[in-house]
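What follows is a set of structures to go through.
Two complexes follow with chain A in common, the first pairing it with chain B and the second with chain C.
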Partner chain A sequence: MTMATMTAPAQATEAQVRGTAPVRRRRRRTSPVPYLFVAPFLVVFLGFSAYPIGFALQLSFTNWHGAGVLRFTGLANYRYLLTSSDFWGSMVNSGLLWLLVVPAQVLLALVVAVALSRSRLRGPFSASLIAPFVTPLVAMAQVWIILFDKDFGAVNHALAAVGLPAAGWLTTASGARITVALLVLWRTTGYAVILLMAGLTSIPAQVYEAARLDGAGAWTQFWRITVPLTTRTVSFVVVIGTLTVFQLFAEPFVLTGGGPFNATRTAGLYLYKHVTNSDLGLGAANSMLLVVMVFALSLASIRLLRSREER
Partner chain B sequence: MNARLGTIGRYALLVTVSLVSLAPLLWMVASAFKPGADVIARPFAFDPARFTVQNFHQMLHTIPIGTGFRNTALVVAIKGGLTMVFCPLAGFAFAKYEFPGKRLLFATVLATLMLPTLVLLIPLLLEMSELHWVSTFQALILPGAVDAFGVFWMRQTIAAIPDELIDAARVDGASDLRTYRSVVVPVIRPGLAALGVLTFINIYNDFVWPVVAVNDEQHQTLQVMLAALAQNIRAGQLGADWTSVWGQLLAASTVAALPVLLVFILLQRHLIKGVMAGSLKG
Partner chain C sequence: MTTPSTPPSLSRRTFLRGAGAVALTGGLAAAAGCAPGSTAANKPLAAPSVTAPPSGEITIWDRSGDLFKVFDKAIASFTAKYPKVKVNHLAVDVNAKLPATLISGADVPDGAFYDDALLTGVAPHLQDLTDLVAPYKADIAPYKVGVVTVDGKVVAVPWDLDPGLLFYREDVLTQAGVDPAGLTTYDTLLDAARTVRGKFPAARPIHLENDQFLGQLWLDMFANQQGGALVDAGGKLTVDSDPYRKALTWLDKVRAGGLGTLAKYTQPTDIQTQDAGTQVLVPWAQWFVFAPQQLLQTSKGKWRAVPLPAWQAGGARSGVMGGSSFVIPAKAKNPGLAWRLYEHLVFGKDGYTTVYGPNDVYPGGLNTSVPSYLPALAPDSPLFKPVAELGGQDLWQVAVQAAKQVPGGYRIPVWWSKAVDYLGVNLQKMLAGQMSPQDVLTVSATQIQKNLIDTQ
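Our next item is the complex of A and B:
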């Protein structure tokens, strides 16, 4: 069924192209060909991005629970969310994770990228750094559950071996936040390193040579040359990191289920709670609030991307 | 002297960071082959003489991992196929044709570029339930196919092809699709390879949408199945025998990670290029 519906347009495209394609100058305006090439993207976009968002916008003004009578409730959902301690609590949780993840990640990635850009064996090192990023998140979250178990986990095992007390990595609020943050850091820092490498290799070696002749040490070079000259790439990494953290879903979903005491219930998990509660009107309103937030962040990052290209 | 110290420090840092990156993966794979009791009692001891496949055996009885693999394979094949066929075609249109509405359409691509699945989660679920598509393969396959990033990236790749090359084919009387196949595709083959690797990894690892779109075991992808296993363990539904539960969890995680790790090891070169283009979903 799915196969049939999806291959049909492709055949139509080919047939039409064959039938109506003499030697064609590129700038002739009547050609249907480019439209046919863009059509599959457009169909999926209209059907599975634009339409659902419009539909959800409509439902966000209702009390829809998935069944029964649809009642228009105006701005009630938005008013509820914006005054709900659960909604703001999830925002605070995401914000705290941002604090735990993004600054540490940017600094670590920058230092590693500088070291990597001046070393041989870039290939093997980059490969090991990026490996965590391609492994299935769910599988690694399971491994994290086992590694960070309070009673039997390898991490507390190792702490005990050096005489430190066992920590409640997944059983205390701050412990769970740190454990989730460590998983995010472990998975995504290599990605940040690779992105920063691209920015670093664009700094001419002569700049560093000149600084060295003037007696600047490694530390001074790092803060006075590397950091300022990679500002754009660094801001790009910050934006990507921010988008990642505010969309965190699978990590807390598998690792903590949002607990303990909702300490790791991120914006994404709170959104999912509306689904399990069948509060779909409320969930639609919450999605719209996230659309606005993410679009603001995305516009900023696209602007950064553009300025990066212009350079 | 100072320079040498710097070099040593640099490599020490790189080796440490690489080890930290790889350690959890290696630990997972090696521990999956240990008797469950050893995982708990001696997490850092790896004695090849005691290696066993018992965890894998037990895991196969607990979860229908074969069904998970089959479902994931189906979604990867069709969704990935759609992406690989139609993203470069759309990219070709945006890079090498002039047509009314092009700017608006391309602005749509850019706007969709960073629209994350999370924001679409509930809207899509509402649409799926309206279409009676919840827990179907089309729900897993169609949303997110022919994604904006693929279109954007292929546009950038194809734009780098000299116009003369394409015009020459046209003057020779080649049709648009023929030009695409015999001129564009051979030139962008490396880009297509990178897009293929990334598309495979993204769809294979996808979790957020599949977990919401599917409620029955019949249609669960591998990742959703794994997460359900972890939830059951947290809820204590698999019993209190930690030794067997952890062993099974590690075995299942290892099996689930294997295909991406293989693709990663074999096609790493393409992957790093794709990552540089900024394309993996976090």
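Our next item is the complex of A and C:
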């Protein structure tokens, strides 16, 4: 009896559950209203994202040139690209630019963000960080070309003034890569600073206060508090930087045209050439390979930068 | 007791299946315009009716900048003649936008200005104009006929001819004691450069092009001048041949002898050295004249032009560098009307006289090229006036004389612009002292064959 008394409510609840839950589930399943709400997104997503991606994937197995019959060529495009010195050359160029841009950008942005977060001039400076973003790139590239001209540029004049030899900023492979990297840094570091400043504001002031009470100096606070607690933001900045560099197109296009000697022909610029040459199959295969590589790189960056606790 | 009515059953799977079908149908419908094989069949475009005056609306793309303004005025002469025609004239970065537009099939213009060097790459998307151009063919410069003919079909209305000329600083050559009339072969040009440097040790008299794309275009001008081209009539690669070898060897001599200024066309080094009088001999297309008119400062009025030197005594004194034509896309809504416009601009005296005649941008007339339509090239009927920035020289006479010597039989292969990554780059390596002329030819031939021809 006791047992019965004790179990009765439970049985009732179970019956209740048995009785009502399927009804609710059935109602949820049969009502089209939620689907109608998501339908606009779904249609747009399928039409403008899923379909183009699917079509690009299909194209990557063809030699279609934008007109004529679509002929399947299997893995020929992938085989060609993976054994092409041009493709790997563009990847190496992007890799070198990544090395020149991303670490410098993170370091620079972190230092500036920390300095600004403690400054009263934070507001006006933050606004100025946006300026490179809104300045037309073509105009800036022209300024860069004039500044970095080997014979008549201000940069080489400045170097000469301190007794250093002139450099071929736009005429040698290494010089051109550095010049493109400087333009990218100039344009994108402000954005990274803003992201990191947002990350810094999420660090509670009490943490610094406690550290100060424990006798930690500014340097120790930076290394022991700021850097570890902004790791997630730094990871985000690195991922964004990686995506930017591997899709980099406009800067080398207007500054160097990919030269000299294809030294600044980035993965993005190489991809563009396929499209403008109507090599759509090859271009699609190239973009698929690029997606895989950028995804892998981004994943590796995130894993490397994950905090010890997260691991 | 009645069973409560319930909405018709719609499982998630059913919904997704339905949505998928809708999306697929929509996607296929949207893609129909750009699906493989959907470009209109290239049946030759028929001549429009002549019984009724033309009427309708067309959209025409021209390159933004000076030429857009020039064509704007010329189009006005067409609409004045045919008032029932409305022309939407748009300034567009045609080279960048046209290929993608032709492929997507969306907002395709009825006609567009397009670089000859890029023409073969978009040829499958263009109207076949063979029948329409046929009555004029005998009067078009042979070089240009070859350029606009792809797989036996005329795919563009041939517009201008850009003959190579030798531009020189008249003041500097006079001071150095060089007679420009004696610059009849490339050997004499080399001697002249040595003489100038002997007089002015800082001089690097001859221009050496430092841009990959323009460098290849420039090299092709030298080859065309000798009757050469990257491919022969059968489409076989002919880059490793005497015309290219001769041109490269000469350029390498200029480099090795310290007789050249390596600079990108119109970039700071180029402009500064030309103004400073250290770069004084520029074998380039007629459109170099743009620089003295618009960019150069202190050397304005000191430049002159003569036909290019010949590669051997008595040889042709010009080759072509660049040029443009008008294309009518296969998917154009009103191709017949676009043809009427281009027929007026290219083959009609009113049309080409307006295009090349005085306008706001070029008060003395458009002098950066000459028509490829030979009846327009009458020496005694200049379309543009003498150029003040060339010291009042009658550039028309020089350009017409050069244009008539341009060898024909030139073909632009489909992969011309892609070859810049090989031939254009290797030329730059040679100019940087990293490759020999023969290396440029051997390596470029291998690369082009492997990457551009074998993969077609």
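Please note the rule applied: the second predicted complex is superposed on the first by the 230 of 311 C-alpha atoms of A that agree within 3 Å, B and C clash if a C-alpha of one lies under 4 Å from a C-alpha of the other, contacts with A are read in each partner's own complex, and residues count from 1 in each chain.
Simple rule for what comes next: a residue touches a chain if its C-beta (ideal position, glycine included) is under 8 Å from a C-beta of that chain, and two chains touch if they have at least 3 such contacts.
Note that this is a predicted model, so its numbers are computed, not measured.
Participant: Determine, under the contact definition given at the top, whether A:Gly190 touches first (chain B), second (chain C), both, or neither.
Facilitator: first
Participant: Under the stated touch criterion, which partner chain does A:Phe55 make contact with: chain B (first), chain C (second), both, or neither?
Facilitator: both
Participant: Examine A:Val275 and indicate which partner it touches, taking first as chain B and second as chain C; both and neither are also allowed.
Facilitator: Both partners, chain B and chain C.
Participant: In the overlay, work out which of chain B or chain C sits against more residues of chain A.
Facilitator: Touching more of chain A: B.
Participant: Which partner does A:Phe152 reach: the first (chain B), the second (chain C), both, or neither?
Facilitator: A:Phe152 contacts both chain B and chain C.
Participant: Applying the document's definition of touch, where does A:Ile130 land relative to chain B and chain C: first, second, both, or neither?
Facilitator: Once the two structures are laid over each other on A, A:Ile130 reaches chain B alone.
Participant: Which of the two partners, first being chain B and second being chain C, lies in contact with A:Thr244: first, second, both, or neither?
Facilitator: So A:Thr244 only meets chain B here.
Participant: What part of chain A is shared between its chain B contacts and its chain C contacts?
Facilitator: Correct list for chain A: 26, 29, 31, 35, 42, 47, 51, 55, 64, 66, 145-146, 152-153, 257, 275, 280.
Participant: Write out the stretch or stretches of chain A touching chain C in their complex.
Facilitator: Residue positions touching the partner: 26, 29-32, 35, 39, 42-43, 46-47, 50-51, 55, 62, 64-70, 80, 84, 86, 145-146, 149-153, 171, 257-262, 265, 273, 275-278, 280.
Participant: Contact residues on chain C for chain A in the complex?
Facilitator: Residue positions touching the partner: 6-12, 15, 19-20, 22-23, 26-27, 30-31, 36-37, 39, 96, 99-100, 102-103, 121-122, 124-125, 210-213, 262, 267-269, 272-273, 415, 417-418, 421, 425, 428-429, 432, 451, 455.
Participant: Provide the residue numbers of chain A that touch chain B in the complex, in ascending order.
Facilitator: Against chain B, the touching part of chain A is residues 1-3, 6, 10, 13-14, 17-18, 21-27, 29, 31, 33-35, 37-38, 40-42, 44-45, 47-49, 51-53, 55-56, 59, 64, 66, 111-112, 115-116, 118-119, 124-147, 152-154, 157-158, 186-188, 190-191, 194-195, 198, 218, 240, 243-244, 247, 249-250, 253-254, 257, 268, 271-272, 274-275, 280, 283-284, 286-287, 290-291, 294-295, 297-298, 301-302, 305.
Participant: In their shared complex, at which residues does chain B touch chain A?
Facilitator: These residues of chain B touch chain A: 6, 10-11, 13-14, 17-22, 24-25, 27-28, 31, 39-40, 43-44, 78, 82, 85-87, 89-90, 92-94, 96-100, 102, 105, 108-110, 112-116, 118-127, 129-130, 137-138, 141-146, 148, 151, 163, 166-167, 170-171, 173, 175-177, 201, 204-205, 207-208, 211-212, 222-223, 226-227, 229-231, 233-234, 242, 246, 249-250, 252-254, 256-257, 260-261, 263-264, 268, 271-272, 275-276, 278, 280, 282.
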